[in-house]
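Chain nomenclature is as follows: A, B, C, D, E, F and G, assigned in order of appearance, with residue numbering initiated at 1 for each chain independently.
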Amino acid sequence: MVNGIDRPLDLLNTSKGKEILVQLKNGRQFVGNLLAFDIHINVVLDNAKEIENGEQTTSYGRMFLRGDMIVFISPSSAAN
Amino acid sequence: MVNGIDRPLDLLNTSKGKEILVQLKNGRQFVGNLLAFDIHINVVLDNAKEIENGEQTTSYGRMFLRGDMIVFISPSSAAN
Amino acid sequence: MVNGIDRPLDLLNTSKGKEILVQLKNGRQFVGNLLAFDIHINVVLDNAKEIENGEQTTSYGRMFLRGDMIVFISPSSAAN
Amino acid sequence: MVNGIDRPLDLLNTSKGKEILVQLKNGRQFVGNLLAFDIHINVVLDNAKEIENGEQTTSYGRMFLRGDMIVFISPSSAAN
Amino acid sequence: MVNGIDRPLDLLNTSKGKEILVQLKNGRQFVGNLLAFDIHINVVLDNAKEIENGEQTTSYGRMFLRGDMIVFISPSSAAN
Amino acid sequence: MVNGIDRPLDLLNTSKGKEILVQLKNGRQFVGNLLAFDIHINVVLDNAKEIENGEQTTSYGRMFLRGDMIVFISPSSAAN
Amino acid sequence: MVNGIDRPLDLLNTSKGKEILVQLKNGRQFVGNLLAFDIHINVVLDNAKEIENGEQTTSYGRMFLRGDMIVFISPSSAAN
């Protein structure tokens, strides 16, 4: 185990309480503070904001995102 | 556990009896009072109304929504 | 448990023998008397009729509808 | 239990040996004599015929239809 | 049980060693001698040939076809 | 059991170490030496090459292909 | 077992800590250092970069990729 990431969910676990970028299958992107996730990759974001053309647009507050809509999650990209 | 949200379904549990916004995979949006949900994210709304271009249009009363059609659920956005 | 709806399927259970509106993923809509349903949300309607542009068109008598094609079910809307 | 239909599959069970209409997700329709079905809604038709624009076209004899392609099954409509 | 077809897979079982027509979800059709199948409706054809516009075109020899791509299988149609 | 193919996976088992043709759902085709497969029809090819318009184009070396993307696998066609 | 690849996941196991190419179903491609994977083929990449028209474009740092979006993974291609 290098870097403390032994299983894929370990990356999500180390991202709890931090901002993440979530890419959906329909092309939409959201950033928000990761509050919770489960084995289906369902996630709950706090202070969720949609990203359109690199800009933050609509704010959603807390948001439950269904895991089967997710393409990728990137913790570090949200900080850019 | 910060903010009382330890697992994703906790957000839905704390939203029972409150208004939520439901975004579907086919692009449609509904708001309504959350009466019930299950592990498939099937939800039942009371006083359900469709949202089109930010306006409430058709009223549906009580509505059963299949979980596999849901992209996200946002409790706070429904209050805007 | 408010309103007797504790789990999503409770709404379908209280709708047995009553008319419901069923919205399918391919955009088609049917109304009919709910005879039976199961945990897959497969439903059987009696006196099923397709709705096109708000008008009842083709009659199908009894109809088995596969649950994985369903977007939402609304009991009260069928009475409008 | 009204009309002898307590669970959705009961409708298919009472239709064995009778003609049914099967609507597929790709828009195609078939009629045929229902020989067998299972919990996946896989069905076997005898004397299967495709319906195009309300007319019977190609005959297929016996046909195995995968359940995950089915939108609805209507026993009475096939008799029209 | 009429005609020896009690369950859907019985039709495939009686077709072993005979020519069948397989219709895929992407619109392609194949004929071939049914060597084997399983509960996922995965099938292996021998002497598989693609059908385009009613004509046999490319020959594939033995072919493993994934069950989730199949719309229907018709044993008798292949003999036409 | 005729030809040593009793179950569909038997065809893949007899193809280990030989060249196979893999047709994907997105229309792409690959040939390669079959190193391994599992019950999900995930496969690993060695010396994998993409086929476009009947010509071998990009070489990928070893490649893991997800089973749910596969339409068919043909062992003998790869030798043509 | 030839080449140490007995099951498909063995290829991923031998690729841990090395650069891999990941092709997604929506046409996007990523390269990155494989940190972790699971039986769903969920993967975590380190130093993930998107590939567009053969060029590395956006950098994402660490990235969780959902397995159901993956078409293929090629370890050796990433080194090209």
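Basically, a residue touches a chain if its C-beta (ideal position, glycine included) is under 8 Å from a C-beta of that chain, and two chains touch if they have at least 3 such contacts.
The shown structure was predicted, so the numbers you read here are calculated from the model rather than taken from an experiment.
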What is the shortest path, in steps, from chain C to chain F when you may only step between chains that touch?
-> 3
Approximate Å spacing (C-alpha centroids) for the pair chain D, chain E | 19
Report, in whole Å, the distance between the mean C-alpha point of chain A and the mean C-alpha point of chain F.
-> 35
Residues of chain A whose C-beta touches two or more other chains | 68
Which chains make up the ring, in order, starting at chain E and heading to chain F first?
-> E, F, G, A, B, C, D
Touching residues on chain C, where the partner in the complex is chain B | 2-3, 5-12, 21, 25, 41, 67-68, 70-77
Complex contact set, residues of chain F against chain G = 17, 24, 26, 28, 30, 35-38, 42-44, 46, 48, 60-66, 68-69
